[in-house]
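Both complexes shown next keep chain A, but they swap its partner, so chain B is in the first and chain C is in the second.
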Partner chain A sequence: MPGGDVTWQIALGGSGVGDFSELIPRVVEATVEIFTGMVMMEIEQDGEPFQELGTLENGITGMVGLAGTHKGMLAVHFPNELAMAITTSFLGMEVEGINEDVQDAVGEIANMLGGNVKTILTDRGYDIQLSLPSTISGEEYTFLPDNELDQVIIPFRAPSGTFFVELELEQ
Partner chain B sequence: MAKNVLLVDDSSTMRKIVTRSLRQAGLDFGEIYEAGDGIEALEVLEKESIDIVLSDINMPNMNGIEFLREKSARDGIKDIPVFMISTETGDDIIGEAKSLGAVGALKKPFTPDKVSEVLGPLM
Partner chain C sequence: MPAIEKYIIDATLDLFATMVFLDISPQEPLVGRDDTIDSSLTSMIGLAGDLKGVLAVHCPGPAALGIAGAMLGMECSEIDDDVKDAIGEIANMVAGGLKSALAADSIKTDLAIPTTVLGKQVRTSGQAGVQRFIIPFVTPAGEFGIELQYVLG
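For the complex of A and B:
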């Protein structure tokens, strides 16, 4: 259902984000830059990174896969209301519901952030290719991490809600 | 004289964003055409009067690199300047694009000021 209250059931993990400690500030910087420069929306990191997100409700996720010397995945999880606000900002017109425009906008944010992550990893000597972006949305869904990959989730606060950037990476 | 632009990107959202940035850049752009992949872009280039192309790299059906390669083989359109607009600006992919005729690159996200800086010399 569009709008309304969003319930995010989050299991807070520990602080063991391991080798991500150097990546996280750069991912935060890239996320802020994308929102400031393209979405025209002020955001900020909202708390410490953690490792388990739990079940997502009334939301939409954009993601890109990472392949090459290190495999992984970059995902951005939005509540519906925020995803629609982002799309409205992109398009300059109101959207009602999670339609193709919203899916495209969320996928494009994942695409841009994935590109930035790829640049960060390339600077580290990794050889990474990105998949085309894809999206998933629904009243209730769960993202199950790949047990062979390290994972970190970074929370952000936007005017219309909280969202999360999730990075899974083979270390 | 106003320059006609062709935007090539499989994301309709990104095409709208780029259109907005072009209009806000303060440069003399005329018609802004759109294509969803390299195949559509070649069709538009053969049919319309295009002065500048802005093309994404990662697209289905025909990606930006394949588009450059195909465009460079067509006498009527091979000299139209192409800028890559992409999340990826690594030396390898941009180097390959430039070896196929791309004249520059704009990294997403970008601002109207960046558009003006990169495309201004062509106007």
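For the complex of A and C:
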């Protein structure tokens, strides 16, 4: 798989993903909008949403917490190469390695997407506030989200790699 | 300016005295942007409201096993779901303690949910322009750290 190895399993159906069925297209739309408008990168959804991401290698994840009437978390998982390409696009200059600029860019993407998701949920009557964004990165890491919440992972293809948007939410 | 470092230290000491039964000793806060604590298991929870932030509990392997073991009252020999849940619960409860302390200062925050990350040399970072500190704690099972990044107002 381009951009580093990601092992994952596709969950077909199941109530977890089903509960998100209304939200998913709007989250996809919001993600595409951010990449087209702010990152200047063409992206598209790359396959069906699923539920378990597995271990990420040589990647960086931006995440933001959702609090208020419904608790949750939004994360965007990038392979290093794609994260650097995104940062280069934001800054207009080459980036080498996962440095502070890349961390800030990835956190900012999570923050912007979090803002869009907040709007989508407000339309549903939820009252949500966002936490501060943060990033996690490493040679090898596995996200182990809260088992009690529904979660969905949406794959996207960008020019230099595949990335994933992960949403966990009390519904 | 509320004493946020103190709130974190107090919440952690309280938690460990009442629910984890492990002696812990806070060390000088680390405040440099490049300061980190080695971690194999990190549990993070967001805070939103008058204070926006992220609290993270960073544990090297032995500390994660020691803390979970002390909390659960059993020997933990590998990082499994029980250990992961235990560290997530620590993050949740320290954040809860911070929330209560801030509420007494009329600073209202809500908690998101803990997310636990397992990895080799996991690094976390915040954004430019936010306050950030890490409180290391020494325990018989090794050192762990509680990190808070936040913006007030």
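Note that in this section the second predicted complex is superposed on the first by the 155 of 171 C-alpha atoms of A that agree within 3 Å, B and C clash if a C-alpha of one lies under 4 Å from a C-alpha of the other, contacts with A are read in each partner's own complex, and residues count from 1 in each chain.
Criterion: a residue touches a chain if its C-beta (ideal position, glycine included) is under 8 Å from a C-beta of that chain, and two chains touch if they have at least 3 such contacts.
From a predicted model like this one, the values you see are computed outputs, not experimental measurements.
Residue contacts after overlaying the shared chain place A:G72 against chain C, while chain B stays out of touching range.
Of the two partner chains placed by superposition, only chain C is touched by A:L149; chain B is not.
When the two structures are aligned on the shared chain, A:M112 is found in touch with chain B, with no touch to chain C. The partner that reaches more residues of chain A, of the two candidates chain B and chain C, is C.
In the superposed pair of complexes, A:P159 makes contact with neither chain B nor chain C. In the superposed model, A:L130 lies in contact with both chain B and chain C.
Of the two partner chains, chain B is the only one touched by A:G92; chain C is not.
Of the two partner chains placed around the shared chain by superposition, chain C is the only one that A:Y141 touches, whereas chain B remains out of contact. Once the two complexes are overlaid on the shared chain, A:I34 sits against chain B while remaining clear of chain C. Common to the chain B and chain C contact sets on chain A are residues 104, 107-108, 130, 132.
Interface residues of chain B, counted against chain A in their complex, comprise 10-14, 16-17, 20, 58, 60, 86-90, 107-111. On the chain C side of its complex with chain A, the touching residues are 33, 42, 44-49, 52-54, 56, 84, 88, 109-128, 130, 149-151. Across the complex, chain C is touched by residues 63-68, 71-73, 75, 100, 103-104, 107-108, 129-146, 149, 168, 170 of chain A.
Residues 33-34, 37-38, 87, 90-92, 101, 104-105, 107-108, 111-112, 114-116, 118-119, 122, 130, 132 of chain A are the ones that touch chain B when the two sit in their complex.
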